[in-house]
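In this document, chain identifiers A, B, C and D correspond to the written order of the chains, with residue numbering beginning at 1 in each.
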Amino acid sequence: MREITLSKAVNEAIAEEMRRDETIFLLGEDVAEAGTPFKVLSGLVEEFGTERVIDTPISEPGFTGIAVGAALTGSRPIVDLMFGDFLFLIMDQLCNQAAKAYYMSGGKLNVPMVLRTNLGATRRSAAQHSQSLHALVAHIPGLKVALPSSAYEAKGLMKTAIRDNNPVVIFEDKLMYQDKAPVPEEEYLIPFGEANVKRQGKDITLIGTSSMVQVAEAAAEALAKEGIEAEVIDPRTIVPLDEETLLRSVKKTSRAIVIDEGHQSYGITGEIASRLNEKAFYHLDAPVVRMGAMDVPVPFSPALEDLTVPTVEKVTAMARRLVAGEMIHAA
Amino acid sequence: MSAARKKKTNAEDYLRMYRQMVRIRAFEDRANQLYLSAKMPGLTHMYSGQEAVAVGICEALTATDRITSTHRGHGHCVAKGANFKEMFCELLGKEEGYCRGKGGSMHIADQSNGNLGANAIVGGSMGIATGAALSAKRLGTDDVAVCFFGDGATAQGLWYEVMNMAALWGLPVIYACENNGYSEYTKTDEIAAGSLTARAEAFGIEAHVVDGQDVLAVNDLTQKLVARARKGEGPFFIQLDTYRYHGHHVGDINREYYRSKDEEALWKSERDPIVNFGKWLVDQGISSSDDLDKVKSEVETDADAAVAYAEAAPYPDTREVDMHVYAPSAA
Amino acid sequence: MREITLSKAVNEAIAEEMRRDETIFLLGEDVAEAGTPFKVLSGLVEEFGTERVIDTPISEPGFTGIAVGAALTGSRPIVDLMFGDFLFLIMDQLCNQAAKAYYMSGGKLNVPMVLRTNLGATRRSAAQHSQSLHALVAHIPGLKVALPSSAYEAKGLMKTAIRDNNPVVIFEDKLMYQDKAPVPEEEYLIPFGEANVKRQGKDITLIGTSSMVQVAEAAAEALAKEGIEAEVIDPRTIVPLDEETLLRSVKKTSRAIVIDEGHQSYGITGEIASRLNEKAFYHLDAPVVRMGAMDVPVPFSPALEDLTVPTVEKVTAMARRLVAGEMIHAA
Amino acid sequence: MSAARKKKTNAEDYLRMYRQMVRIRAFEDRANQLYLSAKMPGLTHMYSGQEAVAVGICEALTATDRITSTHRGHGHCVAKGANFKEMFCELLGKEEGYCRGKGGSMHIADQSNGNLGANAIVGGSMGIATGAALSAKRLGTDDVAVCFFGDGATAQGLWYEVMNMAALWGLPVIYACENNGYSEYTKTDEIAAGSLTARAEAFGIEAHVVDGQDVLAVNDLTQKLVARARKGEGPFFIQLDTYRYHGHHVGDINREYYRSKDEEALWKSERDPIVNFGKWLVDQGISSSDDLDKVKSEVETDADAAVAYAEAAPYPDTREVDMHVYAPSAA
């Protein structure tokens, strides 16, 4: 199968959907001629014109609100939010307006819009351009949240997001834009709420989101050399969350680590870990271990930044200890 | 409900405007009564006194033109064509309400008449209205969007963001500021510097000031601007000077610390939009005071019936509580 | 000891601190003459004048940003955010600016500011005025988060918050403003990060936040009648979180329920439950159970709204099942 | 560092301005070089071409006057009195940097000279500057705050919110908009409707336009406005027309799709603020070209030494990673 970059996969997904459905349009800062600073959208304005690929002023709350209004009235806007950190600026339009319109109207108004943005640290972009804020939107009922872990998922989840009749927030890892993966030429969609078992194993379950799927896979590789068979699972969407697949695995392996690049406290790992603990309690040999990013703003210095995120080494070491039963004494 | 795009020069149109103003007043009197008799859950914000604004504007719109409304939204809802029954049911949290009881007074929406909903976030719908206009323009309908908001809402930064985009893109949106002089318990003069019209003009938006107690003046101006907006000459801004008769909300009874009884009495006795329009209709020989009284009593009978109906109507089934969080999606 | 309302306790705390320290000032909408819509700040403008009790326009991001700037330059502002739901509007100033200034400047700039706001549903205020959004800010390093559960805590935590050199978000339960509790006349502070064991017990630990402390206490009362001794703990601050006290209790009782009024998914309960599971795993007879608010926008209708939050009955029933060992089969 | 409040009428003042502009240019040339030679982590935004703005303004300020800066902030930092050594150390993420390496280029702050910091959120510091002015007014210092931001940032709603409050409260803040014609890869004309000065004037704020390439014109105007702001006649707005020589950031090399090489060449050859001011100084007999060359070579020696120092300087200890999340508090 051909291999394409994550960037190209997103571009293809959007282009295919825009060809299919006239009501889809894109808006955001520097999305047209510049094709975004990450160049993900290059070429779209040439094909679809400035009426459907719209450069906006630097007005994140404003253009998000405009997208909500457009979505309520027959359009299917895709909002480009240049950095995930700017979510803080648009929370009202996203969480008080978009997320609640369907419920508050008793099912009469709905908001089919996609917010595409990104997450991920270790790019030396410091505290206001490196955050992984998916936990914030996952907490708000009415929003769906997708976290593609490769070009394959980026394309399939984006297409599903665009066809969804609800507001969907999709976080791309900005360090993965140039990473290649096999992506079929034929059309495909990835349904929301279906986790992907990336690797089978019986000794421990490694649940990773977004870029942390790669970390989990590399850790599994390393563990395999030591004779530890790790199962690797990518939930792909955290809302809806495919609890069943996760539980099935954990009941089999009886040990799990949840790995995520958001801050650990009050984040994604706590939710997933506590659901597993709650529903697979009597199958567990050890508590589900969480590995999120440190609870610190992301530091600029390369000497510090790399310490803040889970790494292959740390995950491997933790898995080893768990399988060896060492965590018993920790608790 | 509202007449399509023809000039309101005949008696029929005038009388419909009169009736609509009376309907709003009758609705509000009963909503207030429901609150005072502890039959209404929560609080609500009375529109009484401002009827000429909603009616003057909405009578210049078609049913497919969109409006966005505010926390003080019953007037807009009635003026845009809503029925008493569904409205009172919504205010009482009943299943037959416009939003199946899920929205209540502050979120009442009536998409069948183009009302995209009240909004409990001050200024929260400014992006939505602008986005509805963008949608109309892109989809090639010739619908116009009217964004209702209060003088206090002009302090929200969102307004400036969306005015900029509306001006740049020539969107068919009319920003209608109901200047009733107060933001909750504070005179807006004390919290608004400079001039409201100048704020719109600074973005190259044509701005108008009109007497919000004069339904014909409001309607004439709006008709002209709506016609021009349909031709792509928008956006526009209108400042409508008006007054709210009640407190900020139904529970705001002792308000002399921020607003004198004399001031209130003066507006009610000299500037009432219904009384004055009624006098004019009689003076001009368009109607008799008997006919006007008949309108009133018909409306009141209607309103009383609707209240009785709503009081007796059932609440939504408890199973509805987690319905309408997500709209179904094909994919 | 005298009993005062939570509202009065907050008022006293702020007044005492403002008397002590000239650099403290208050700003927000309708905080001066109106003393806020909840009347919590009544009387302060009379004592401290409009220079220190400042009515702002309806510009939440703006006045929060102004507070950050003032806090960076020698003032200690207290920001009044009328409803916790408006947090979505100020997230950028709170989370990108206030929370990170100390870290990003390597410890040279700090932001001693208090954001007081509220949480809590069942007031029939619908989806945009009923949210309990403390999980969002708890996820952001650099912010501290306090959740007073009675007038006593409201006073002691507020005073500590005002003296803290970091941005502190303090959530009052808007349904508790009129609730009375014993509050000493003498000055006292409640240190952050110290949980309060409200009731001793050996069979099960009930951890409640804010209003849910009352729910937990009432449940404990009911359980006592059945011979079940529940220990009730109020963490008081969730950042910092007093893990030790919680662990000590859970290791003793070997069962726990975490009760919170925020949405359950990706919220507070997941964090606390997973920490307990992780660190007290081998002491637990059953998984830690979470009881948060339903994952739905808050509905207006009284017939629905009350279903969305944890109640004494539900907590009592769940505790009973846990103690009876019934949850074993659930997992 | 900057001279206190006396009129800059003598040679010494002129030469200091010249030197400061040269220092900024020298700093940026080296920062760019560090990037090109892959020695600088992350990206950075060059101030070259805009030197007369930062220097003309900051030379009208005292060391206790505050400024807030932007993503394009090195010029402001140098002009407000910072040292090369700490600045280069910060850019390289070293412990001796102004922020101990935690902030980097986009968050460089120098509170010893009243620089409250660069900001990676466009418009993010508008509230902060306004709050610093409020603090100054309340605490009775006569300090002024200058808020630097770009033409693109005028699209952020926050600006309108804080202008309103600054105007209402007569705050000593000057909003200095560096109009370099571009927002990233888009001509600002395409994303800004109407007139920038009119936007300020609409709030009753006096607005000025000045040639941002003429350091004396900038300085004269700023001196007058600063003096008036100290007397309580503020706030003010200045639009400074200028140009950035480099791309949006150091990596923006191929930029002909949004900006012609001719345009760039013209500004550099005809409007360079350093060259033109140098000529004037020689023409007026205030300095000789030899003296100016000497300034340049001194500055370059300094800058090279600082770069060498920074390259050799140690990174922060890894233990610093979770320091400075919270400031210590007495209570």
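Just so it is clear, a contact is a pair of C-beta atoms (placed from the backbone, for glycine too) under 8 Å apart; a residue touches a chain by one contact, two chains touch by 3 or more.
The model shown is predicted, which means the values in this text are computed figures rather than measured ones.
A.B. asks: Most remote chain relative to chain C, going by C-alpha centroids?
C.D. replies: Here the answer is chain D, farthest from chain C.
A.B. asks: Looking only at C-beta pairs in contact, point me to the busier pair out of B-C and A-B.
C.D. replies: Counting C-beta pairs in contact for B-C and A-B gives the edge to A-B.
A.B. asks: Go ahead and note the Å separation of the Cα centroids belonging to chain B and chain C.
C.D. replies: 37
A.B. asks: Could you tell me the distance, in whole angstrom, between the mean C-alpha positions of chain C and chain D?
C.D. replies: 41
A.B. asks: Using Cα averages as centroids, what's the distance between chain A and chain C in whole Å?
C.D. replies: So the centre of chain A lies 29 Å away from the centre of chain C.
A.B. asks: Give me the residues of chain C that touch two or more other chains.
C.D. replies: Residue numbers touching two or more other chains: 56-57, 59, 61-62, 85-86, 89, 92, 96, 103-104, 126-128, 141-142, 294-297, 299.
A.B. asks: Which residue numbers or ranges of chain B touch two or more of the other chains?
C.D. replies: 99-103, 107, 119, 121, 124, 155-158, 161, 164, 168, 190-192, 325
A.B. asks: Hey, which residues of chain A end up touching chain C in the complex?
C.D. replies: Chain A reaches chain C through residues 85-89, 91-92, 94-96, 99-100, 103-104, 126-128, 135-136, 138-142, 238-239, 262-263, 265-271, 273-275, 277-284, 286-290, 294-297, 299, 328, 330-331.
A.B. asks: Would you tell me which residues of chain D are touching chain B in their complex?
C.D. replies: Interface residues on the chain D side: 155-161, 163-164, 167-168, 190-195, 198-199, 201-205.
A.B. asks: In the complex, go through chain A and note every residue touching chain B.
C.D. replies: For chain A paired with chain B, touching residues are 23, 25, 51-52, 54, 56-57, 59, 61-75, 77, 92-93, 96-97, 101-110, 112, 141-142, 144, 159-160, 163-166, 189, 191.
A.B. asks: Quick one: in the complex, what on chain A touches chain D?
C.D. replies: Interface residues on the chain A side: 29-30, 33-34, 37, 55-59, 61-62, 85-86, 89, 123-129, 294-297, 299-304, 307-308.
A.B. asks: For the complex, give me every residue of chain B touching chain C.
C.D. replies: 41-43, 93-94, 99-104, 106-107, 119-124, 152-153, 155-157, 183-186, 190-192, 257-258, 315-316, 318, 320-322, 325
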